Amino acid sequence: MKEVRATEIMAAAGAKQLRDGEVIVVGLGLPQVAAVLAKRTHAPGLTSLLEIGVVNMNPVDTPVGLADSRIFYGGTSWSGFLDILGMNLHRGIVDVGFLGALEVDRYGNINTTLLKDDAGKVRYFNGSAGGNDVASLAKRVIIIMRHEKRKLPMTVAHLTSPGFAGGKSRRELGLRGGGPHRVITDKALLGFDPDTHAASLLSLHPGVRLEEVVENTGFPLQIPKDLQATPLPSPDELRLLREEIDPKGVYLG
Amino acid sequence: MDLVKVDKVKTAAEVVRTIPDGSHIALGGFAIARNVITVVHELIRQQKKALTLSQCVMGMDTDLLVGAGLVSRLMVGGGSLDRFGLVYCVNRARETGQVISLDYSSLSLCFGYLAGALGISFIPIKSLLASEVLDRLEAGPGAEHVRRMQCPFTGEDYLLLKAITPDVSLVHVQVADREGNCRIDGPRWENEEQAKAAHRVIVITEELVPTEQIQRSPERTVIPAHRVEAVIHQPFGAHPTAVFGCYDYDADHLKLYVEHARHPARMREYLETYVMNTRNHEEYLGKTGGLKHVNKLKAKPVFGY
Amino acid sequence: MKEVRATEIMAAAGAKQLRDGEVIVVGLGLPQVAAVLAKRTHAPGLTSLLEIGVVNMNPVDTPVGLADSRIFYGGTSWSGFLDILGMNLHRGIVDVGFLGALEVDRYGNINTTLLKDDAGKVRYFNGSAGGNDVASLAKRVIIIMRHEKRKLPMTVAHLTSPGFAGGKSRRELGLRGGGPHRVITDKALLGFDPDTHAASLLSLHPGVRLEEVVENTGFPLQIPKDLQATPLPSPDELRLLREEIDPKGVYLG
Amino acid sequence: MDLVKVDKVKTAAEVVRTIPDGSHIALGGFAIARNVITVVHELIRQQKKALTLSQCVMGMDTDLLVGAGLVSRLMVGGGSLDRFGLVYCVNRARETGQVISLDYSSLSLCFGYLAGALGISFIPIKSLLASEVLDRLEAGPGAEHVRRMQCPFTGEDYLLLKAITPDVSLVHVQVADREGNCRIDGPRWENEEQAKAAHRVIVITEELVPTEQIQRSPERTVIPAHRVEAVIHQPFGAHPTAVFGCYDYDADHLKLYVEHARHPARMREYLETYVMNTRNHEEYLGKTGGLKHVNKLKAKPVFGY
């Protein structure tokens, strides 16, 4: 059996965060793979939503993005932003929201809008779209991203989607959602301290050294005494990922 | 991804046992169309108490529940049995003060449901102003549901409505799958906002279809499975009210109902005969003339009635 | 040709109030007959809305009410209250709303909720439903009713749907719609004085005496010097009404 | 009743001539799906000026108009060309300050349209709070569009959004009749609220059908005829973006576009070649490879792409 890839560890770690019967807002890529893996294993009653108005899509071909018709396939409901982001997310029934990011800071604030170079020159990217809404309103937010120092700065260049801004509690910030719950990177699993709201290291993926993570993180990480290793996907999970969910390795490759 | 694989089909009796006394129930019927009669009967058989009912336009469903004495409060836009008459039991209960009735208009009640469905605790509206409808709300227990304010952008005077979030929403539909995805044929009045505003949604369907049928026109899914707690499969479940595409209203039975509803004593007879002394919807239909009779009401496909 | 009925005069008078291209909210009965007559004559581009969610219904069988499936037939759009009363009426694009009434007073205030007998005992009826919304928001409200003293009192027993309440202007009342425009009865056509906002007699139906109207009106009517006779339906209008629109005389009989 | 008998079919050129400089245009596209490309091209050919554009998620439509220098203000939730890249012209214009960009989120912009569609001048929301998105709105010209308040019923802190009511809404649909009744297959993103919020609605349709087809499933009518001012019948009118059920996105042309959009000079070449030097959509399609090429993009009925 070939060596386990970091993406496979990430997908399995994402799946473990999902409970049966939960309602989740997913993006393309690893979040969708994690959701399918959870459905095929411990959470058959999971409901997946796409912000543009798709419920429980079941694509048979690989989409290039959220606007790709391939991702609409097999849906049990086609509506729009008002239904998904309004009557589900804002209504308060979305348990988990998956988000990607250009930058995430120590308080789980997300930047998807712009970056500044050392000269202060600004480069714009995608902006919020549904990101700010999901970060503000989902009960738990799970961020999936590559683990690079420049992507994990002390403070984001633009606070597009709030985590525990300024180290404040969500209540203090006047936000309904529970805020960032996990950051799943290709090196480690991060959580947030219930008191300080600062990012803490939860587990290292097998084969990753602590120094490697610390060096590649732009903010001080709380390191627990009993530092765990992120569990490897089970043989059954690996088989599902490799043979059924993403056989072409589009997202896991 | 895989589809949700959960079978939510239950009987009306099972579902009603989970509805506590004092619940706020939103009813999906309109006058004499798509009334949730089968669940209403079961609520009466199980003698639920102190219910709050909300609905844009009351029909036989609300009239039965009030006539049976199960209801202590109403939040409604209006009501009638169309040409067959008024909601006599409801009106009598208002006249005697047996129920507290918070009277709105169709749109203001619908806006309240919309706010509930969107998770916003209030919504502005330009209806009800300068009317006795609003005066009465502001003078009584309705006062906690309305406020006045000026738009900070335009300075225009608005009424603010408090969001309406029923404990349970009951809606009768033509088509649903076992997971709860459902479709409504014909106009939908306030059904979508009402259901999505509620904490629990119970669907009563004329027809159960495989999920593959839902996937063939996902644009038609009015309430998706994950919002639905239980599905009751009950053909003719809205009788004697009409279900577009399935069957027409039962004029004979509606006239018979109205004759009883006009008088408290005769209303009790009606409830004894057609509800308390029947164990389920089949027995009820039997007493109204049985399948032979109701089959005459079946809709012509092209016309839908 | 048999004698012209009052209902036929009412339907024709209602139709004359409608201009081509207008959007109207209709009820069952004479308003619908008037709308069809207008469409078949001078206003082919009229759009008719039913509050429950029907646009341009085209019934082939006679409905018993708004909840009767017969009235859905031929519609080009089926939606709900939020679309018709919210995204059309509240949006401000409804030109004319037809309303019926238990009582209408001198300022065009409508009661559809309750009546009181001499002993003060209250009897409840239908309540507002969409009536208050239409009266508050339509650009012009047209009331169609029987002309009886008890139905046209000085002050309504319950102000369900506002006209020019207290003789105030719509602006003073904070209402968007233009308010009551016409009251079409089986005896006469009433309007409202632009300054006093009080009901005024516009025309008597042919054969109706002024005294008859005054005696059967519970409030003082402004009588114009040049009192007109309500025009009779044209032969073509009569033919349409009797042969095409309501051949069975369900509403006109 | 009779059906509305009005033929609203016009050419893109005719329609665009009626859109004044400085108009606020709401675009119905999403990233690389159902972009109103044929009207966008015509707006550029007629060199409209000082436009305000609004849209939940920008795509090639907005990028073309900004790249052509027609736009002075944006009200948007976000934007990209999916895996093909960013909205390069838009981002460049933001970086240089060529356009004023009021940045929202998808839901907050959609709520603004909803308020516009309902005729309420404001609506509360729990998004954008405690973010730099809101800080920037409050610090600049966006300040006139947002306020903060507490719910008078719950005391919860809310952001109030000013209703968005575009002058013109452009939406690309799969099916419409000559009167303007139209249907959208697949997800509808913000199209319904956006269109119903606008003063004028222009529909671009892949297919023109008799009204009888609309009457066969009136539940599917997303925008009814009386809200629609004009219908433009243009097959492949959204090319190179995708129209679910009709055709797929044109990956080759999108890549070619992105190569040009990254550089101002090359973007001008693109506009010259594909827009200014073509007189209509047929000539444009001809230059992209012609019908032989675009027919390869046609959707398989079962899959819709």
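Think of it as A, B, C and D in the order they're written, each chain with its own count starting at 1.
As a convention for this text, a contact is a pair of C-beta atoms (placed from the backbone, for glycine too) under 8 Å apart; a residue touches a chain by one contact, two chains touch by 3 or more.
From a predicted model like this one, the values you see are computed outputs, not experimental measurements.
Fewest steps needed to get from chain A to chain C, stepping only to touching chains, is 2. Within the contact network of the assembly, the step distance from chain A to chain D comes to 1. Each of B-C and A-B has its own count of C-beta contacts, and the greater count is at B-C. Ranked by separation of Cα centres from chain A, the top chain is C. When the contact pairs of A-D are matched by residue number against C-D, B-C or A-B, over half are shared only with B-C.
Taking each chain's centre as the mean of its C-alpha atoms, chain B lies 29 Å from chain C. For the pair chain C and chain D, the distance between C-alpha centroids works out to 40 Å. A straight line joining the Cα centres of chain B and chain D is 38 Å long.
Multi-chain contact residues of chain C (touching two or more other chains): 54, 75, 78-79, 82, 86, 90.
Residue numbers of chain B whose C-beta contacts span two or more other chains: 119-120, 125-126, 156, 186, 188, 219. Chains touching one another, given as pairs, are A-B, A-D, B-C, B-D, C-D. Of all residues in chain B, those touching chain C in their complex are 30-33, 56-57, 59, 76-80, 82-84, 86, 90-91, 94-95, 103-108, 110-111, 114, 125-133, 135, 156-157, 186-193, 241-242, 244-245, 248-249, 251, 299, 303-305.
Those residues of chain D that touch chain B in the complex are listed here as 119-126, 144-145, 147, 149, 151-154, 156, 158, 160, 162-163, 184-186, 188, 219-220.
Per the touch definition, chain B reaches chain A in the complex via residues 1-6, 117-120, 179, 181, 196, 211, 214-215, 218-219, 221, 224-227. On chain A, the positions that touch chain B within their shared complex are 23, 32, 35-36, 39-40, 44-48, 54-59, 74-79, 82, 86-87, 90-93. Against chain D, the residues of chain A that register as touching in their complex are 50-54, 60-61, 64-70, 72-73, 78-82, 85-86, 89-90, 112-113, 121-133, 136-137, 158-162, 165, 168, 173-176.
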